[in-house]
Structures are given as structure tokens and as C-alpha cells.
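Note that the chains take the letters A, B, C and D in the order they are written out, and that residue 1 is the start of every chain.
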Amino acid sequence: MQEIPLSQILFVSTALFFIGMYGLFTRRNLITMLMSIELMLNAVNINFVAFNKFLFPDNLDGLFFTLFIITIAAVEAAVAIAIIINLYRSHNSIDVDDATEMKY
Amino acid sequence: MNLTLLILLPLLTAVLILLAKGLQQIRVIGLTGAVAQLGLAGWLLKSFLAERAAGNNAAHLFESNQTWFKALNINYHIGIDGISLAMILLTSVIVVAGILVSWTMDKLSKEYFFLLVLLSMGAYGFFISLDLFTLFFFLEVAVIPKFLLIGIWGSGDKTKSAMKLALMLMAGSALVMVGLFGVYYNTHTFDIVQITQQGIPVGVQKFFFPFAFVGFGIFAALFPFHTWVPDGHASAPTAASMFLAGISMKLGGYGCLRIASLMPDAAHAYSWIIILLATIAIIYGAFATMMQTDLKYINAYSSISHCGFVILGIGMLNKTSINGAVIQMVSHGLMTALFFAAIGMIYSRTHTRIVAQLGGLLKAMPFISTVFVIAGLCSLGLPGFSGFVAEMTVFMGSWQNPDGAYRLATILSGASIVVTAVYILRATGRAIMGPISDEHALLADATWNEKLAAVLLIVGILIIGLAPFLINHLIMPSTDAIMAQMEKVNLLK
Amino acid sequence: MSNYLYILWIPLLPLATFVILGLFGRKYLSGIAGILGTASLLTSTILSFVAAKQYFFVDGKVNGIFQKIVALKYTWLEFSPNVSIDLGIIVDPISVMMLVVVTSVSLMVHVFSLGYMKGEERFATYYAFLSLFTFSMLGLILSANIFQVYMFWELVGVSSFLLISYYFNKPSAVAASKKAFIVTRFADLGFLIGILILGFYGGTLDIGLLIERFTSIHSTQFLSITSASFLGASMLTWGLTLVFIGGAGKSAMFPLHIWLPDAMEGPTPVSALIHAATMVVAGVYLVARLFPVFSMDETALTIVTYVGASSALFAAVIACTQTDIKRVLAYSTMSQIGYMMFALGISKNGGENGLGYMASMFHLFTHAFFKSLLFLGAGSVIHMVHSNEMKDMGGLRKLMPVTHVAFLIACLAIAGIPPFAGFFSKEEILTAAFHENKIVYGIALFTAALTSFYMFRLYFNIFWSKEATVAAHAHDAHTSHDDHSDHGEGPWVMKLPLIILAACAVGVGFVPFSQLVTSDGAALETHVDVVFSIAPVVLSVLAILLAASFYKNKNEKSDKVASAFGGFYTAAYKKFYVDEVYIFITKKIIFPFIGQPIAWADRNIVDGFMLLLAKTTAKISESIKGLQSGKVQNYALYFFGGVAVLSILFIYIWK
Amino acid sequence: MNISSIIFYAISALILGAGILAVTSVKIFRAAIWLLFSLVGIAALYFWMQVEFIAAIQIVVYVGGIVVLIIFSIFLTQNSGKEMAKPAKGKVIFSALAALFGTAFVHNLIVHYEGFATNSAKPFNPNVAEIGTQMLSTTSHGFILPFEVVSMLLLAAMVGCIVIAMRPNNEIKN
């Protein structure tokens, strides 16, 4: 536990975050985009926990943040999937490039 | 005599017009409102002169000052001096004439009269305000009605010209805003009186003067920004073009004068550009008018040329020329209103404004033709009419500056009286004299309301033309005040 | 010095008539308009005669000089403390003389028009404009402030515009009036700038002060104006030449004369009044009014002399070839005014060598009478024959005895035959020219001969050459039952002025002019030097005989001589193509090369620039539109780009 | 190099590897499974950091709930066997560049920011009771308010999802 400095953990979470972002940018399927968002959220959770553990060990704010983020991620996933299903019904495909009604 | 009355009366008329039913009620209310406003302006003149006679030579009279917006130090500070009183009188006369001329306007008459009165309210507010922000506020109030008046009741491609007019005036007011806020940023007050006492640092003046001056210049058809004038006037209905030329261009001229008096050093520094643009406007406008075939375009272009005199007068920055500029504003207001009224009357009868299609109207409509000839001769600068007095004062003023280039500018502007004579006589010769075509022969002459409007304006022109010492006596003290304030800067080139 | 304020009534009466007839003329007063106009003018004439008598004979000279009295001074428009337009009346020899001339000629024209214009539809407006003209002319004469001269100058121009375009349904009349007004307006521009120069350097606009300041060599104003120079000439020369240009325009001197022949489109009594006696001499009067200042500047005077001399010769040559009788008279007026101008030009100021000034004024005085008589005579002939052309006339002496005799007297007067008025005034001019400038004397002599030639060419063509043609007879039969006019000459109101003016043409020569009107107010001894005057008289008589031989009875001799001159004759007939030059300049140069480009430039370049602004904004928004592609991931990418840039900016650049 | 750092590197390798595969794999179902592994790896990391409660929550909510939900949605919307559409070439390059730029940028920040102490001086072993009491306490560090708000949020989300997803059959386009 002692040898791993905080920065190592932050490298991991950054890498995870930008992997999620890459997924968000390239994936054409809405569900996979949802997955990449989940990855990004988890990267943030890692950060919170790491900061709490290494910098502010005597109080638990980081943990509570993570808890709430997890709940909200759950909510967000649920709503996203409801929308995706709805989109699927109307567009018969959940490819993100088909839903361009908001175009100029 | 609380000056806010000058704004409340038109507001009241406007509201009453909205409540009225039927054209008859609307126009009667409009007329009574306008006549009451004229009476009010007359009474204001009487008390102003009485005040002056009683030795109260404060720069501004009947002042009242309420804070309007504490945080930005904006306060509703109003007061009048000789120049703004002359403008108020001019506006009230033109409003009465305008309403009389549009007596038979039956298309959406309620909105039409409402907008006319709103426009005049904007002008009154503009002339009495001594706080730059209130000045700007009323300037904006006056722009919207113009757009609607031309856009809805206009003729020809009215939407395009309405759009062009509104956009260019908006651009103008945007520039003015930049200038005013620049001044505010450095003096932390919008109050003209305080600013004149405080004085603005020269660097700031040099930077913000062009913005404000060009902004107001766009309203007063300064040379490169005058292109909204021909289209705007040509496609506006008669009363609207009377208001446009008679009032809204005066807002520009009056604004330029205020800006020049607020920032004297910058005015001196940039005076050569102003004079250059003014001379171009005068000569360019005159020659462009010569080639026009439509009566309204002729009058619109000649307004550019005449407004050039106003800017020339202001640019010369000496007492006589500023005096001349103010008289020119009043005289040009009356004269163009009369010209547009006459053209409107001709158009409502012959349904054509092309000079080539008109001819020999003197036989069919003697009254309207005489009005047309009088307006022409006045814009020609014939002694006995106001045009002569204004132009000669501007010439005398601009000749005071011994610098060669200024002298050339005066001579060129002088040459414009010849070109003006050419286009006025071409128009009169072609439209009024010459053989009459048969269908024009049986047209009716002016009705009572048109006659009254024309007579009202002609009386105004004659008063200034025959007895200029009256208006001179009214304006002289305030021009002295402006010049004294400029001398204080002792940079008089 | 008795009070001269009543002189104010002389111009105010015609003004009152103008206002009354102008406002109520057409509907109510059309019947009595003529009577009203003539009555008010009669009172003005009487008043002016009373004033003249009082000024010249009752008050008379004060230590040998007629005083210059400023009867009234009211600040009308104040430019700055000492420079202001103040309306005032100046009473001095030339202004009183002009008062008499203008009012009497105007009265004659008013009386004549009662007959000539009867039956016209706009009779009242005619009299209104006539009284407006008389008011502005009288105002011009009496004005004490140079700007006041300019104001009435413009008013005279406008009233001549209104009167020339009286027959407004004739396009030629409208064009002529437009031309007259624009040409004079062009000259007035010069006048205005001249005033500005003199006003600026003289520090005042009052004529008396100006003369006082510019005539004393060591006054600060004189030094300042002569020291300042522009393109070589001193500002004094510039000022005076520009003022003279204003005068030349109004008096139809050589380059600016094109409007005078066309001004004949107006009714003939109008031409008699305006284009013979009053308006056209305004230029001479202006130079006379500022003569002391003019005399201080050599170059200005030489310009005046040579413009006058050239106009005199130029007009006389053209007059010999014209066929329209009114055009002949117009050119003769131009020639006679040329005489007056160069008489002023060669004169010096004050004392003995002020002869030219006195001669010019005397000629102005006499010329007004016999030229208006000629025009009124021509008017009654036209009234009878209903055409201006000489070929429709001939042998009218039996049909119109009164006009015939009056016309003959006037021709003799203008030709300078001794007992008549023309001889005395022309004699003075020739003596002055002889002493001062030989070239001008030569031109004057030759022009005098030409004058008598074309006048008698006119006379013989109208009254002699062939027998009265049928048209005249038909007219005669038709008018015989016309009230009591026996010879078809029109009613007595047309004959009475002819008779009075004929009497003046004879009597006016004997007026002791040199005692009354001189450059410095003091009397001037002049005597008719018989030996000197033989040459001009003999020349005139010879010219008359030549004209008689050509035109007394119809023969081709005149045509043979005309063809002998060949090209020169046609050129003269075509007025030396000066009109064509002007039309070329305006139609071919000013309109297409200045007017059109400016109008086009305004439409396309200046307006185009504004439209360009609109188009560029449209194009920019068109291109930016692509960003809103509707693809969510593009937005995300732009979002990330923004975040990246901002983070770099705020972390690394903006510490 | 003691045992815990080795474990740490293993766990992070698992997380990142599964993440990359979740994001790039062609078949959607396989991507979901890789996501599952990545989340489990993160739970393991929490265990490694001795915050067992959070790890447990992670496993229960994320792995148990959200991934299952996603897999259900995959079944609902399309048959999992089909290959997913490949993204446009330009977009891939550009987003990869963006991601690399991001990582490099943040990495640079972390390296240059000396504020992080190499390792924590004090031990950090939060027990669940503490978490529980603090969750509901209203004192300074109390989280009662967010707790209540989250409950409201959950309710709203439930209602929302039902409304959105419950459209009657006749409107489904065939």
C-alpha cells in the first residue's frame, strides 16, 4: 500500500477516463456510448476514493461522493436506456448518426 | 412648467388613439393631441422668453432631475435651451402638419396614428433630455415606429427599404451607444451638465468622438452612410417621410451638435474630416438629385444635400456656423416636410411620382402647385424663405476660417446653390409647368386639411425667412454658451 | 436734411399689391387687378418724383456735394457683433435717379399691359408678379447693405423667372425661364463669394463702411485685403471681379448673355420693363454703387472695360442679322449696356476724370426711356400682327401712326441723332472713351454706327418695305368695331405710354445730368463739343441711309450683302454658337460625366457597399451553419476541443 | 516491489485492458462483457484500497445492476450477434488523438503537481458504521440532505423511465 503513490492511481483513472471518452466519440451505437460513459464515471469514482484515502484520511467526504455518483450513474443508465428503447421504436435503429433531426 | 408634460401629452394621445373606434375618432384625437402639443410648445416658448427676459441666463431652463437607476448613476435629467426649444417647436409643427396630411389614411389607421404619435414622443423626449442615457433611450424609441411605418404603409419595395433604414439606424444607435458608454466609463456620469464641467480627457475624446459623431451622423445622412435616406423616404407614406426628414434627421443633427459640444478637442481635431464629408454630401447630393426622375427621390437626395449644410455648420465650430447649422435644421425640417406634403398630394391625385409623366399641374391644381413652387424656391435659397437665411449664415460662418481648404469647402458648398437651382427648376418646369395631359386636367385641388397643413408649414418658413432675428435671438445665447465652453478649452484653431 | 423715411413707401406699395393680388387675385380681384397695380405704382412714381425734387433741388448740395443719407438701418440677421445683414435705405444721386427711372418705366409698362394683357386668364397673377418685380428692383436700388443687395438681387431673378414663364403651357417659355434663372444664379454664386471676401476682409457688410474702409489706402482692412492674394491676384481684385461677374450675369454681359434673347419668351411689356430698362441695368448699378472700391483696383476696372466693350460689339454684330424683332431689341439692349459698362470701366473716381461714371449713368437714364419705348412699340406691333418675325410685317406706318412716330423717335434717339436723348449720353461716353482709352473709343464708334444700322433696318422692315399684308387687313377689319381704336393699334392705354415715352426720349437729353449725378457728388462741367461729335453723328446718318437703301422698299440688295459675308453672316445669325457651347457643356459634359456617374455611384458603390455588408453576413452564416450537423458526437468533439483550449489557456498562458 | 504494488499493477492492467476492449470490440455483447470485467477490476482496486464498503456497493450496483440493464437493452434493441457499424476513419483518428492529448495533458499536470504526498501518513480504515452514521447525521459533515434528494431523484427517474418506455403498442412502427 505504501509504495504506490497517489499519482499512480491518478494515471490509471485518467487513462480510464480518456478511454471512456474515446469510446464516446467513436462508437456509433448509443448503448456502447452509454457504456463508455459508465467507464468515465468510474474513473471519477476512483479519483474521489483515492483523494479521500491519500489526502484527507480523517473524513469520509470522498466516499460519500462516490456513493452518490454510483446511484446517479444507475439512474442515468436507466433513463438512457428508456430513451434508447424509445429511439429504437421511432427510428428502428439506435445508430447515433441517424437521429439528426436537430440539424440546421 | 414641468417638461415631462411634453412627453406625457403624446403618450396620452397615443393611448386615447388606441381606445378610439373608427377613423373619424382616431384622426380627431390625433389632431387635438398634436394641436395641444403645439400649444404647449408655444406656451413653453413664451415662458422661456419671459425667463430669459427676466435675466435668468442659466444654460438650461425648466430643469428637473429624478434618479432613474442609482447603480449606474443614470438619472432622468431634463431641461431645455434655445436650440432644443427651436427643435421642439419644429417637431410640433411638423407633427400637426403630418397628421393633417394623413387625414384620409384608412388602412390600419389606428396603428398608423399611434406610431406617428409615438415617433413624435421619442423626438420630444430626445430634445429635452440632458442625460446621455435618456437621450439614447428616446433615440431608440423613435427608431421602431419608423420601421413599422415604412414596412406596413409604404409603397414600392417597402420591406427592403424599411429593413435597410432600420438596420442602418440601429447601426447608428449602436455606434452612439459605444460613444456614450465610453464617455460614461471615463466620467462615471451620464449627465451632460456635469460632463461639460468635468471635461473629458483628450485621449478619451479623440477615441470615442468618432463613434458618437458617426453614429448620430448616420441619423443626419452623413456622407457615406446616407444610403438609407433615398430608399427610406421614397417608399415611406407621406406623413412618415415628413417625420423622417423633418424630425429623425434633426435628431441626428442635434445629436452631432451635442457630441461636438461635449468633446470640443476631438471636434477640433476631426473637424477637417467632418467638413470634407459634409462638402461631399452637399455637392454629391446635389448632383445625384439632378439625375433622379422620381419626385420623392429628388426630395430625399436634396435632403442629403441640405443636411450636409448642417454637418458643415457644426464642423466649422464657430458661433455663426453653429447658429447657421441650427437654423438650417429648422428650415430644412419645415421645407422638406412641405415638399413631401406637396408630393404626397400630387401622388394621391395622379398616382405617379415620375416627373416625366407629370406636366402642367398649375392649371389643374393651382394651390398644390404654388405650394410645390414655394417649397422648391425655399430649398433653392430664395431670400424671404428660411432656406436663404440658413444657408447664408452657414456660409458666413464657414468663411470665417481663413484656412485655404476650408475656403474651398465653402466655395464648393456655395456652388451647390446653383446645382440645387438646376434640379429644382427642372422638376418644377417639368411637373408644374408645361402642357397638361388631359386626364390630369380634371384633378381636384387641395382639400381643407391639406391646405391647412401646407399653410402651417409655409407660415413657419416665412417667419424664419422674413424675420430671422426672432429665431436668432432664441438660439444665440445657447450657441454662445457652447462656444464659451469650447473656448474654455482654448484650442480654437 | 429733411427726413427721407417716406421713401420706404415707394417699394412697400408694390409689395402690398403683390401680397393682395397674390393671395386674393385669382378669385376676387381679377377684374380690378390692373387698376389696383397701376394705381399703387402711380403713387410710388409720384413719391419718387417728390423725393427726387426734394433731394436734388430742395436739400441740394452741402458744400458742393450731394450727401449720402442712410435713412433707415435695422439689424435683420446678425452673424457676429459687427458683421450682420441690416435692412437699410441709402439715398444718394444714383439711387434717386434709379428710383425715378424704375418707377416711371414700370408705370408705363403697367398702363400698357392694361391693354396688351386684357383677356389673359391669369391677369391678376401677371400684375402680382409685375409688382413683385418692381418691389424687388426698388429694394435693390435702395439697399444699404451689400447682402441686402444680394437678397433683392435673388428676388429680381425669381420674379423675372416667374414672368418669363408666364405662358407656362409653352415649353419654350418654361425652358427660357429656367435658363435665365440658372445662368443668373450661376453669376449670383460669384456675387455671393465676392460678398464673402469683401465682408470678411472689410469686417462689415454695410456698403458705406465698406467704401470708407477700402478707399483709404492705409486702413487696416485695405492693407489686409490687398496683402492677401490667391493665384497671383490680390483678394481685392478677386472680390471685385466676382462681384462684377454677379453683375455681368444679371446684365447679360458677354459670356453670360445667353439667357437674354430667350427671355423674350415672356410677354412683351415684361421684356420692356425687365429686359430693357430695369433688371439688366442692375449690374451697371451694382458696379456704380461700389465704384469707389472698384476705382482702387486697376485690374478689376480693365476687366469691366473689356467685357463691356466686347459685349457691345458682339451684340451689335448679332443684332444686324436677327429676324425676330424682340431678339434684335434684346441684343441692342445688351450692346447699350456694354456701352454703360465700359464707360464705368474707363472712368476714374471723383473730379474731372469721373466723366465716364457720369456718362454711364446718363446713358442708363436715357436708355431706359427709349429702349422701353422701342419694346412697347414692338409690343403694339406684335399685338396687331400676332407674330414676332419681320417678314410678317411691313408697311404698317399707315395702320399704326402713333406707334410709327414713337418708334421712329426712339430709333433716332438710340442712333444718337442730335436733338434726341441718345445723342447727349452717347456723346459723353465717347468723349470719356476718347480721353481715356483709344481702342475702346474705336470700338464704341464702330458699334454706334452698327447700332443705327440695325435699328433702322428694324424700323424700315416693320413700317416700310412691302405694303401691309392681308393679315394686317383682316386684323384691321376685326378690330375696327373694337371700341374707339381706329388704327387697330389697340386701345388708348397702349398708345398713351408710347406718347409719354416718346416725349421723354426727346426731352430727357436736356436734363442737366452732369450737375446732379457724378461719381463724387460734386457738379461736373460738360459742354457739347461740336467738333468732336461730328464724327459719330455723320457715321450714324450714313448707317441710316445705308439701311434705308437696303430695306426702305423690298429688294434683294440686303440678301446679296448677306451672302457676300457668307459664313460670318450665318455665324452671326446663329449667335456665334455660344448657346450650342453652353448646351454642349451641360448636356454632354455635366450630365453624362458628372451627374450620371454620381447617381450611378450612389446607387451601386455607396449603396452597394451597404448591400455588400448584408451579403457577406449572409455568406458567413451560411458557412457556419455546417457546424450544426445534428451529429451528437461532433458536438462532443467540439466541446472537448473547447475544453482543451481553455484549459491550456488558463493553466499555462494566463497564470 | 512488494506484493501490494504487484497486485495494484495487475488490477490496473485488468481495468485498462478491459476498458479498451469494451470500447473497441466489434460485437456489442462482447463489449458489454468487457465492461463487466473492467468494473469488477475497479471493485478490486477499491478492495486493494481497503474501502470494502464502496467495493461492495460497486459490485452490487454497477456490476449487478447497470451492466445487467445494459445487456437487457442490447437484447431489446437488436440481436447481439450482428456486427456493429464501424465508425468513420477520420473520426477514429481524431478521437484517438484527442484522448491521447487528454491523457498526456493530465499526466503532465499530475507529474508537475507536487501537492500529492507520496503516501498517506495516517492509516485510513473507514468502517461501515461510521459511513452509516455520517450519512444520516445532520451535523457539519452530515449527508442527510443529498440522501433525501437522491431518493427523490430515484423516484422521478423510475416514473420517467416507465412513462418513456411504456408507449402503447399501436404506435410502434412495424
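Assume a residue touches a chain if its C-beta (ideal position, glycine included) is under 8 Å from a C-beta of that chain, and two chains touch if they have at least 3 such contacts.
As the structure is a computational prediction, the values presented were derived from the model and not from experiment.
Peer 1: Give the chain pair, either C-D or B-C, that is connected by more C-beta contacts.
Peer 2: Ranking B-C and C-D by C-beta contacts puts B-C first.
Peer 1: Based on the averaged CA atom positions, which chain is farthest from chain C?
Peer 2: Relative to chain C, the chain with the farthest C-alpha centre is D.
Peer 1: Chain A to chain B: how many Å between their CA centres?
Peer 2: 66
Peer 1: Centre to centre, by mean C-alpha position, how many angstrom separate chain B and chain C?
Peer 2: 37
Peer 1: Taking the mean of the C-alpha atoms as each chain's centre, how many Å separate chain B from chain D?
Peer 2: 71
Peer 1: Just give me the whole-number Å value for how far the CA centre of chain C lies from that of chain D.
Peer 2: 104
Peer 1: Going by the touch rule set out above, which residues of chain A reach two or more other chains?
Peer 2: Those would be 21, 25-26.
Peer 1: So which bits of chain D are touching at least two other chains?
Peer 2: Expected reply: 91, 94-95, 98, 102.
Peer 1: Using the touch definition from the top, which residues of chain C touch two or more other chains?
Peer 2: Those would be 633, 637, 640.
Peer 1: Once the touch criterion is applied, which pairs of chains come out as touching?
Peer 2: A-C, A-D, B-C, C-D
Peer 1: Can you check the complex and tell me which residues of chain A touch chain C?
Peer 2: Touch list, chain A to chain C: 21, 24-26, 96-97, 99-104.
Peer 1: Inside the complex, what are the residues of chain D that reach chain C?
Peer 2: Listed in rising order, the residues of chain D that touch chain C are 91, 94-95, 98, 101-102, 105, 109.
Peer 1: Note which residues of chain C are touching chain D in the complex, please.
Peer 2: For chain C paired with chain D, touching residues are 633, 637, 640-641, 644, 647-648, 651.
Peer 1: Could you list, by residue number, the parts of chain B that touch chain C in their complex?
Peer 2: 164, 167-168, 224, 226-228, 230, 284, 287-288, 290-292, 301, 319-320, 323, 360, 362-363, 366, 377, 381-384, 388-389, 392-393, 395-397, 399-400, 410-411, 414-415, 417-418, 421-422, 425-426, 429, 432-436, 468-469, 472, 476
Peer 1: In their shared complex, at which residues does chain D touch chain A?
Peer 2: Touching chain A from chain D are residues 1-2, 4-5, 8, 12, 15-16, 19-20, 22-24, 28, 31-32, 35, 38-39, 42, 45-46, 48-51, 53-54, 57-58, 61-62, 65-66, 69-70, 72-74, 76-78, 84-87, 91-92, 94-96, 98-100, 102-103, 106-107, 110-111, 116-120, 122-124, 126, 130-131, 134-135, 141, 143, 146, 150, 153-154, 157-158, 160-162, 164-165, 167, 171-173.
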